[in-house]
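Note that the chains are named A, B and C in the order they appear, and that numbering of residues resets to 1 at the start of each chain.
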């Protein structure tokens, strides 16, 4: 029963955050300015502007627009694209899988490389290998991801011809975008693993020396890994969420047909409803993933269930 | 002490402090940290408030000083009802009721030099703090003037506690609430701090509410004492009587738990 | 949305030589940004179509006239890059300043006042953090139109929420120490306590966070400029250079490569400096 209550609390909290986020997104966009002029260009006549406004429903009082917006979103209606006339939600859902592919693979690669690197760095704490790993990790978070992507294309596609640059084909098309996108997860996961390990190892050494029954290094390590796994797993979950919306530039650069490049298209077309739909969708995805991560945390660490 | 006025400086009248607590993931339930407590302290008295941690004594102290929550009852401290005054009036009223905390280091701003802290209080209460200069304040508590230029990290625990006492006393309060003021200090320093309290009582007719779990100290310095358990007063009386002829079970157990008081064990039986 | 907190990071180096190097590098970057107009460089806006698309001096066909080559309009690339520093630094610093100010203030108020105020601020912050940042930025820029000030506003908007959580936690732990109660009893008003005692004590944390955020801002700005939403001609930004450079990737690779290197090095520097600050204020105790 306790767990059910915990789940309920988390889900309700998630819904509330979502509601607030949608409200925030709406008002930030509204307060930013009048997009109709942007969309039509400076040479637009007042009649054209008025017509566009009416079409978008922007001539109504703000509060009415807001209520409609919230109502639509709760029913799953994310509006209609100004450019293509299709329902936004359908367009987005049609491209979600492509982005999800990249995100999951990138995070998986991040964990695959990051965790061993982090563990290794922790085992060599303070020594050269540790410092190099930490430095590389910082470098990995300093490089603009889209730039790295194109550089990789330059080297591996255009110059060496090993891998294709474009999208959709077979698995080889996935390599470059995934590797590019994985850079930051690798760096972050490696760092977090390293510090989680060193922290828990510290505790282990203290208790072990007190107990005086010397466990072998191996056993200590295993314990350390187990304690460290919780925050690392949580981070991995979070990364998926941030990647899903943060892959815009990478998708654009590789012309990957996901929601990232959809966003760029929307920008080029000044397709306001679509942009707003993407913002809401991004928030929904983020909240869902976060809630799942919180629930997972609650499963793995029972203490969390007691807390607020 | 004939001829000296002994008016009531602190009057706590059926005070209740309720917190909403969530236990074991269940619903939030109200919990009385302080449950219908009444006590009083007069000028020139040192009154003890004895109890273990969790008994509600700190909650009571904070309420008495006007910065803690109150859910029921009334408190008149230094002539003020803090629950009904606000703003500047309230801030001035605080001068009459001051507090000394358990951990002196954590009640000082570690980034502020001692002298600057005193000057800050002066700037807020210029009238009340006119009486002594900073150097004189230091002498009064047995510290030297060079402490003024130091940061809290550069002075010892005992010195820091004296600084805290200075900060409280320079505002010329009528009531001083001391919450475990000597815990964590070594025996000689403890004795010095207690001496200070005694001298303030004599010189200023200061009323002191001395909150502690340390029975030996309470016995030594307090005229009267209240015993508190789970938010309620279970017994009270003159210290001598309290310790030699405890009535309530809890009081007896507390006394029995004091190491070295084997003579008292005979009473429990 | 509690989940995991910020990751703790071990200091890379703590030696004195390293600190001197960091300070020196910082001064260098600022100097380049400030002194760009008076340096012996060519005018970054002068077009010279005869000299278009010259490679850098170490490639075949390059010359010392244009050390890093020229762009499609014949403008000297080295000077364009150097001038690009100005806007990059200005935008990042302004955005961080704005975001840090706003976010830290909210964090302090939330931590200090507690109760309903805290609940409201925390909820709004969480909601803000749920919004995908580039998309949010896009929606604002598309509505407002492109300009440098819009860009700064957007970056600040995206960044302020980070401060609230951490500064709020700092403030709460300050409160726990008890000296705030003792200041209240001393008759200090809330405003005074916040201004004179809380803020100076959390300032180190704010500074460290802000330093690390500068890197994030630079990357975000370059991403937005790359998408065509950043600075407008004739202003020069490294991100925008990359946007135009990417069409020439195969033949005139330097157009795309050098701005990226510039960004990477700058952000790397900022991250290392932020790291040094972090180890100085020893935040490791609090973050996991």
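One rule holds in what follows: contacts are C-beta pairs under 8 Å (C-beta built on N, C-alpha and C of every residue); 3 or more make two chains touch, one makes a residue touch a chain.
Quantities reported herein were computed from a predicted structural model and do not represent experimental measurements.
Using the average of C-alpha coordinates as each chain's centre, B ends up farthest from chain C. Here the chain at the heart of the structure, going by C-alpha means, is C. For the pair chain A and chain C, the distance between mean C-alpha positions equals 20 Å.
A separation of 49 Å divides the Cα centre of chain B from that of chain C. Centroids built from CA atoms put chain B at 53 Å from chain A. Touching two or more other chains at once is no residue of chain C. Touching two or more other chains at once is no residue of chain A. Partner chain C is touched in their complex by these residues of chain A: 13-14, 16-18, 20-21, 23-25, 28-29, 32-35, 37-38, 125, 130-131, 134-135, 138-139, 141-144, 146-148, 150-151, 153-154, 158, 188, 191-192, 194-196, 198-199, 231, 234-235, 237-238, 244-246, 248-249, 252-253, 263-264, 266-268, 270, 272, 275-276, 278-279, 282-283, 286-287, 290-291, 293-294, 297, 304. Of all residues in chain C, those touching chain A in their complex are 1-5, 7-10, 12-13, 123-124, 126-128, 130-136, 138-140, 142-145, 157, 215, 219, 222-223, 226-229, 239, 242, 246, 249-250, 253, 256-257, 259-260, 263-264, 267-268, 270-272, 275, 288.
In the complex of the two chains, the chain B residues touching chain C come out as 62, 65-67, 91-92, 94-95, 97-99, 101, 103, 106-112, 120-121, 124-125, 164, 167-168, 171.
Partner chain B is touched in their complex by these residues of chain C: 177-179, 181-189, 192, 196-197, 200-201.
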